[in-house]
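Across the two complexes that follow, chain A remains constant while its partner is chain B and subsequently chain C.
Coming up: the complex of A and B.
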């Protein structure tokens, strides 16, 4: 009986897949990559141990938005979290002032000082601490040099940029030497603008493996932003700081990279589920479990829901970093997750993730953070000063609701029209 | 202090990307369709079909080839397919006497087969050794996701299993010496007495390296088969 229902749903989904919604989207994707059924080798094993229940990702006629209710619920949870963070972001000044005046001032001393610094950390304001400043300088050094180590690692593994992209034996030697040459320039901090151009050029070359591979590698471009905006005489300079405009570009590229990666995970579900099949410990991540709404091992759609929740968690954190809302907090969560994946779940295979961790550390310890929602915040502040609480409520509420819904729901809805069973 | 302007950066980027595409094309000429095919490696040359090749350090003439063919005739799942004509025994003798041509004793043969699942690489290895010859390389290519499963006769305890695993892990360290470059990871199943070597995506695996690796840690495989992994198909448990 249940199988009949599922078959019916699958048939309906396939019929709808030929609809007017799918055709243009499929066309665009096909134009971008010349084929969507790519599944390049990850540096962690990703073979599915048993098939997914694909109907979960497709169309469910008669259900809200035509999505499986659990699928939609994950989206709604993410929308709710995004909305809450948006709303808190706009009222963060009032909140921190309230906390500092009401509680910290009464306590005073070291607690007040540390409480203030912690509030500054959470709300992306400069943290005036010597240790924090030193850690920031060290993070910049690590970030600028870590790509050199990753390139060397890839060269010794017959790969390009990451072990995910194995080199063709016919041209492997030249590419490996080229990578080592670039790595030497990076490690000696020589001609950084050239290094930046070479990284972007190499990223363009990755399109040879298909559009999904290029999207997978977008975070690599983050460091290119800093290289390209560095002086030609970089080898003579101790670069330990990233200025505000560099940081803004870095944050946008880094955030966008993870936002795109998140959607790619939702789209290319087999790859992500395959990783989980080979490293089942990743299924127990508390943040992802929260988005799933359950961590019951007997839950019928556990792997399918995990894929969507995992992908949307990355979309959410990438988006927040991209627009600069609680950047430090999200970067800290991401750095923690990457470190956990590297040290606990995947081990040595995940060692190239030193690079994104370094990028996150630069963002976390930066005192040059800005936000893309500053103009809206300015309107909100004006309304606050003018004593117009309703206007303020409308500005904050509309931005939080519309912003968070637009980031998640439309793409979640559109992707469900694409038949990905054959991927 | 001078900074790079946008035009310079764009020019350098395009130049570098073109150089990478150019090198790729020069080393592996093919059409744009094939070059931008997402599953590019191995597929362009083999159309996705598995190819088994043997390189023998000694395969100098038709006499050697007929011995190899006769030896492999005992392995029912494969048949020898030569790519280039070899000199006859008389011609080889003459060349040796004249000493004018540079000596090139080695040669490559390709094996035809109908079902990869039935090809036992150990049977090929044994047949060749019985005929007095030996393959230096025994490669399998043209597959994306696959693994080599080596059946062992002897794994009697946990220590045996750990010994195989640890011994083979050491061989992974030989990558820098051009060994096991195709290898992604090893698994040892004590219960099924299997060593499973997962090949890297699209890699050309050398089965003789696996055989030598196992010999080095003290084991002789009974049989070695290549198993194709498909996304969404049975997992990497060697079954």
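Coming up: the complex of A and C.
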């Protein structure tokens, strides 16, 4: 078995035309899969202080879709917000054009210029401004190196990446040295494709402890895709930009990561409610309260509704980033949320969140943003140019409605069939 | 609308065509230092400068501006969008209070169908832009900054210079000049100061006054030799 793997590694190295990260990926998988690593980390559950009212999450015969009405209402509110954002996205050019031509042109000068830049920021168009450009370069530098800082931090704290994954004392030193080695490669920007492959390998390794652990760590793949698509001579290059195709990959993986994490939060309600029990300040988030429809402390289903709303808020923002609809706006909201979680709600233990914040900053300050709904927008623009408002309304309306319903309702419905009380 | 028949691209149209066009065209006034449209905006209209002056410029990701051209009365801009229906390739901003006439692409397309000579005029304007870009590329490769500044100044004087008692006033500042010749604003200011010391021009806030345009043209010839 080991010989076969080594032969595979040799063959991959020989084949220069093979993908740039085949060899290191095979190597890492061989290391991880070959029984060298015997440590295991535990996914620490945040214990519930009070039992949840599990019936809220289950089936309610006779009610619409068989869901508790408040449960369904949270889903409908999210669908409405998604639909509104979709619709505004398609008409954003008309809106900004109206504002710019009606108001900003009359003002002129610096106000017009800044107003235009702000509109560009909100609508994911290039913001051509010196400070913005410099911040973008700085964000890329931080993003490419932040995993190294996180790995160093976790190695000194006997954990694997996050304090939530403590290392077994029996084999902790192996993992700590491996983390420091990878961190040195990352911080010195050496062989970035190898670093990317090692991160992908480590992520695959997490499946040994269950799919939920792996899903929890999907966002780390964001930097892996950028590393894997970087040149081998990375140590010689001052990388301060991420090209359009890398940015697209980054956006999709980052968005998908948080979309998956959001659904995991809905699924694993005990864990999320446990977090709230241990850090009650998170219950007071205004955006989540808006999705819940109330912030009344005496509301009967407060913790249960909060779990669903909190999870779906993450699904919503992750989905928007993934498909590239108001990417900068959603990334800004997420960067704010993570910073708040790190500085206010959870404190020092969550300092590794500097990594997703750096990823968000890269997205926020990028002038290379694209959208997965561009083909639909093209149809809409054609209808606009041809002066067909009804066709335009149908294109925008159908996409907004169908898209937002499909993202939320089917999975919310299906999960309610699964009994998760014993998780 | 009065005066359309004096605009070069409509010069050959019949009176009826010009009258019809006048009904479709819209006059707009912009104050100084106002951007008429931005790079990447939707291209929906063609603009004709009636009075004043505008600069056509591109902005790089790091905010640096490159001035491609300055335009005066009778000149058109925004014509590329008519031909390829893509976004604006550059921004256009006013150098002084400016009046323009706008014609939507749809109206212009209809006009071109009935009077194809309009399209030829637009193509002529495009050819002039291409020639100018070729000259600029050559200048950037082989000419130094003072020559390039003189050339831009003389061109701007011809396009939108205004006769005053003190000489010909051109609404252009050092920053715009620097953007047009691809040098730093400090360097452009030094060159202007040198020309000022030689009595060839006078630099004022936001504009340049040229007492003797032929003398400035001779200075260009001198720089050339």
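FYI, the second predicted complex is superposed on the first by the 378 of 423 C-alpha atoms of A that agree within 3 Å, B and C clash if a C-alpha of one lies under 4 Å from a C-alpha of the other, contacts with A are read in each partner's own complex, and residues count from 1 in each chain.
Convention: a residue touches a chain if its C-beta (ideal position, glycine included) is under 8 Å from a C-beta of that chain, and two chains touch if they have at least 3 such contacts.
It should be emphasised that the depicted structure is a prediction, and the values quoted were computed from it without experimental measurement.
Q: Since both structures carry chain A, what do chain B and chain C do when superposed there: clash or fit?
A: Overlaying the two complexes on chain A (C-alpha atoms) leaves chain C and chain B fitting together cleanly.
Q: Classify the contacts of A:378 with the two partner chains as first (chain B alone), second (chain C alone), both, or neither.
A: neither
Q: By the touch definition at the top of the document, which applies to A:105: first (chain B), second (chain C), both, or neither?
A: second
Q: Between chain B and chain C, which one contacts more residues of chain A in the superposed model?
A: The partner making contact with more of chain A's residues is B.
Q: Which partner does A:202 contact after superposing on A: first (chain B), second (chain C), both, neither?
A: After superposing on A, A:202 lies in contact with chain B but is clear of chain C.
Q: Look at A:126 in the shared chain and tell me whether it touches chain B only, chain C only, both, or neither; answer first, second, both or neither.
A: second
Q: In the superposed arrangement, does A:175 touch chain B (first), chain C (second), both or neither?
A: Only chain B is touched by A:175; chain C is not.
Q: Answer with first, second, both or neither: which of chain B and chain C does A:367 touch in the superposed model?
A: In the superposition, A:367 touches chain C alone.
Q: When the two structures are overlaid on chain A, which partner does A:229 contact: first (chain B), second (chain C), both, or neither?
A: So A:229 only meets chain B here.
Q: To be precise, I mean the smallest distance between any C-alpha of chain B and any C-alpha of chain C in the superposed model; what is it in Å?
A: Minimum over all C-alpha pairs: 25 Å.
Q: Check chain A for residues that touch chain B in one structure and chain C in the other, and list them.
A: Looking at chain A, the two contact sets are disjoint.
Q: Of all residues in chain A, which touch chain B in the complex?
A: Spelled out, the residues of chain A in touch with chain B are 33-35, 37-41, 45, 47-52, 156-158, 166, 168-171, 174-175, 178, 193-194, 196-198, 200-202, 204-205, 207-210, 212-213, 228-233, 270, 274, 277-278, 423.
Q: Which residues of chain B touch chain A once you look at their complex with the stated criterion?
A: Interface residues on the chain B side: 1-4, 8-9, 12-17, 19-21, 23-24, 26-28, 33, 35-41, 145, 175-176, 181, 184-185, 198, 200-204, 229, 231-237.
Q: What part of chain C is in contact with chain A in the complex they form?
A: 30-36, 38-42, 59-64, 85, 94
Q: If we count contacts the way the header does, which residues on chain A are in touch with chain C in the complex?
A: Residues in contact with chain C: 93, 97, 100, 105, 108-109, 112-113, 116, 125-126, 128-134, 367, 385.
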